[in-house]
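Here subunit A shows up in two complexes: once beside subunit B, once beside subunit C.
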Partner chain A sequence: MFDRRGQIRIIESFLAIAVVFSAVLVSVTFPSAPDLSKQKSLASIATQALIKLDTNGTLGSLILKQLWTDIKTALEVLLPVGVSFNLTIYDGTGHVVNSEVIQNSNLLGQEAVSVQYVCSTRSQTIHFFVVRLQMAWMG
Partner chain B sequence: MRQRANSGQILLIAAFIMASLLLSAQIYILEVGKTSEEVELDSLSDFILSIRLGSENVVIGSLANISNGGASDTLELNLEKWASLIRDQYLYGKNVLNYTLRDTAPYSSGIWLNWGVNGHGFSSAYGSFSHRLSGRETDVYQSYTMNITTTLLITSTNRRLNENTRQVNVTINVLNEAEPATAGQITIYYLVSNNWLIPDETNNYTLLNYGNGTYLASFIAAFPAESVEVSAHIMDYRGIYVQANATSIEI
Partner chain C sequence: MIILALSAIVGTTKLITPYLTDLAHRDDADRFQYLASHLLLTTGTPKNWGQLESIVPSSLGLAKCDTVQPYELDIDKVTRLNNENIYSLDYSKLWQALGVKDASFQIEIKPLFQLSIELVSDSTQGSQRVYEFKIAARKSGMPLSTNLNSYVILKDFVNETTSSTSPDGVTTVTIGIPNSLHGTALLLVFAQATVNSQMVSLGMYSFGHNSQSPLPNGTFTRLSTLDYVLNASLKYATIEVSKAQVFTFSYNFSLNAKTQDDQTVEYDIPRLLDASPMVIVLTGVNGSTSFTEFVPYPQVPLQIGPDFSESIAGSRIAVYRYTATINSALYEVVTKWGGLSDSV
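Entry: the complex of A and B
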């Protein structure tokens, strides 16, 4: 009686281990949850790219001169390959400033992340802009 | 009895294996959480850095305005607008930027313009900032001072060429925050009969850029005395204006 009870306990223990182990395996391999860390790191890359572009007041100066193509080119250089982006610039009152679309490809159907960045010009008459950069990994 | 004792030991071992498995699963979950937290902190520090960068741009632009003849309260007004704008930009809590402009001599409302006659010229802005970002899980406080100063140092010598004409050399040093900097625009003047004249190609005017914030302006001019007053007016690459006067001494 005692021996059988012990064996059953051992079998139960191993079953429990198997259940826990398979649960861990399933949770690691099951791709149902969105990869938030990837999205957050993309947001961080975006902010750093904008900070780099804003160093020495370059971003504000490009906006003031309405050099939309130059901004697009700069972002293509600063962002990793394989990232599609769309940039919208607003003035202090919330009106869109960029008269041309600043994007490298369409974001439709992709899991996008959005970053908002506030910048100021270094010009004698100061202008403030809110820059919204939407991005997604291509493919 | 012996078999009963053994089965208990195996049960214990099995329990330890289960515990270690559960612990490793827990550690894995904690590690994943830590990575996510690091990403959160990174984006927060990026946000704080962007506000600091924007504040610096406001101070530089305001100093450029004031040094070019703008109103002395421009810096304060611009910072007020900037602080008001960024207050609305953080959606997860409060985002407050406070600033104090230096008002102790030689500064007034955070600005000091000293365009002296001894070969030194200063255009400077000085402010202290404190930035607090607070929300449900965040409370970050950062304070810093910002000193934006364009310094101009000039020295001048002249050499007699003939009865009336002399070659004048003016050495110009431009500094931004005590580091060598590039000048966007340099204009040299010299004083003859109470008139400030600008040397041009008729004076064989040349301007040599040494590439390290040092420039050498040379020209030939006619003036009777052994010394002449010279003046350099420069605009650095940030648009900040500064000037300095010096006496050119014969060598």
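Entry: the complex of A and C
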């Protein structure tokens, strides 16, 4: 009689342990809300870089002269180390203007942010461009 | 059963605590980012606290007054962050002016890229000694193509040389100094990125010409700039100042003394529109020893605030990088934010 009761208690204990551990496992694997602070910081860096690159109309002038390598180098200087970027320039009708890819490494598979910036030339005929900068932290 | 229940409670508490702590600090990153932007986008109070040497700001902001450009910083507010300047503010005053009691911060301002200068060779050729310097321009190791303007200063002698770095970021500059001169010479190198004239950097190299190795900068004078005035505090009564000059990428001028007493000389600095840092060079003698000392204006690179690299592992530090303009030249501003440091 006592032996059977004892066996049931042991089984009950094991069941309780199993319940507690499964609850713990569920709580650990439960997805938490994503932390967007890194993305926000990256978006701020991207906007800043484009604003500074466009001081005195420099960016519009570089686009008009089609100096894609210079734009890439300027971004490499302005952006912190460890950031991948890809820049695409569109004209007023939405067509891609840059004939060469302006990027330092591939963004594929990385969590990227995208920032858009409108700039213009300061020539007699004013041209508007929409610049889209996509960035991600490497690795 | 009791042991089981207790261990379940303890285990659950241990597991949940970090998540609860995480929730409590969830908005820290946003708050610190807002504070970093606030620091660089507002002027502080009073608006012109940078120029007023006796004023400690009641609220902290580094932006230039009446600017239309975001992230344009005031040359004097930045200079007062450098503890080598006699008008500098210490960290505790800055922390009080920021007014956020539960946060500590570090501000670092530096050029967008670095210049390294190395003396490769020197030899006597006729009536002059010829020095060959290797100059490299790099951004975090990445070579950068730049235009260079180099000055050599020794007493009244000034030699200007223009050159440019190759795509690998390196060039060699050769400079001759007459053998009739002797003393501490200073090589100043201004570099301007070929892709953008606002991206500038500065390198300095002191060397002895027909004399022994130079003493460190600041041995004879303490040079401080504020509100376009150079204050030169002379450290010895026997010092005789011969000349003060200002150098930028495109210009150099001699400065006229504004006021002078036994221990201090003040000079007016011209407001130049060149997108370049300025370097003020003071030459003179102390007995038989000649000196060439200098101070950049704005006085960067600089770093102020607690050293977060010594923070406890796992503590939260938020780092925000900005590109800011000071006198039309671009600089990198790195702000680091964390919980209240013991060093405050």
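In this section, the second predicted complex is superposed on the first by the 106 of 139 C-alpha atoms of A that agree within 3 Å, B and C clash if a C-alpha of one lies under 4 Å from a C-alpha of the other, contacts with A are read in each partner's own complex, and residues count from 1 in each chain.
Everything below uses one rule, namely that a residue touches a chain if its C-beta (ideal position, glycine included) is under 8 Å from a C-beta of that chain, and two chains touch if they have at least 3 such contacts.
What you are looking at is a predicted structure, and each value in this text was computed from that prediction instead of being measured.
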item	value
Subunit B versus subunit C as contact partner of A:G57, first or second or both or neither	first
Which of subunit B and subunit C A:F14 touches, first, second, both or neither	first
Subunit B versus subunit C as contact partner of A:P80, first or second or both or neither	second
Partner chain(s) touched by A:A49 [first = subunit B, second = subunit C, both, neither]	second
Which superposed partner A:Y117 touches (first subunit B, second subunit C, both, neither)	first
Partner chain(s) touched by A:D70 [first = subunit B, second = subunit C, both, neither]	second
Partner chain(s) touched by A:S41 [first = subunit B, second = subunit C, both, neither]	both
Residues of subunit A that lie at the interface with subunit B and also at the interface with subunit C	13, 16-17, 20, 24, 37, 40-41, 44, 48, 51, 55
Interface residues, subunit B side, partner subunit A - complex	3-4, 6-8, 10-11, 14-15, 17-18, 21-22, 25, 28, 32, 35-36, 39-40, 42-43, 46-47, 49-51, 53-55, 57-58, 60-62, 64-65, 68, 70, 78, 81-82, 85-86, 89, 238-239
Parts of subunit A lying in touch with subunit B, wherever the complex brings them together	2-3, 5-7, 9-10, 13-14, 16-17, 20-21, 24, 36-37, 40-41, 43-44, 47-48, 50-51, 54-55, 57, 60, 92, 116-126, 128, 130
Of all residues in subunit C, those that touch subunit A in their complex	1, 4, 8, 11-12, 15-16, 19, 29-30, 33, 37, 69-71, 112-113, 139-140, 142, 144-145, 193-196, 198-199, 318, 320-323, 325, 330
Subunit A residues within the subunit C interface of the complex	13, 16-17, 20, 23-24, 27-28, 32, 35, 37-38, 40-41, 44-45, 48-49, 51-53, 55-56, 58, 62, 67, 70-71, 73-74, 76-78, 80-81
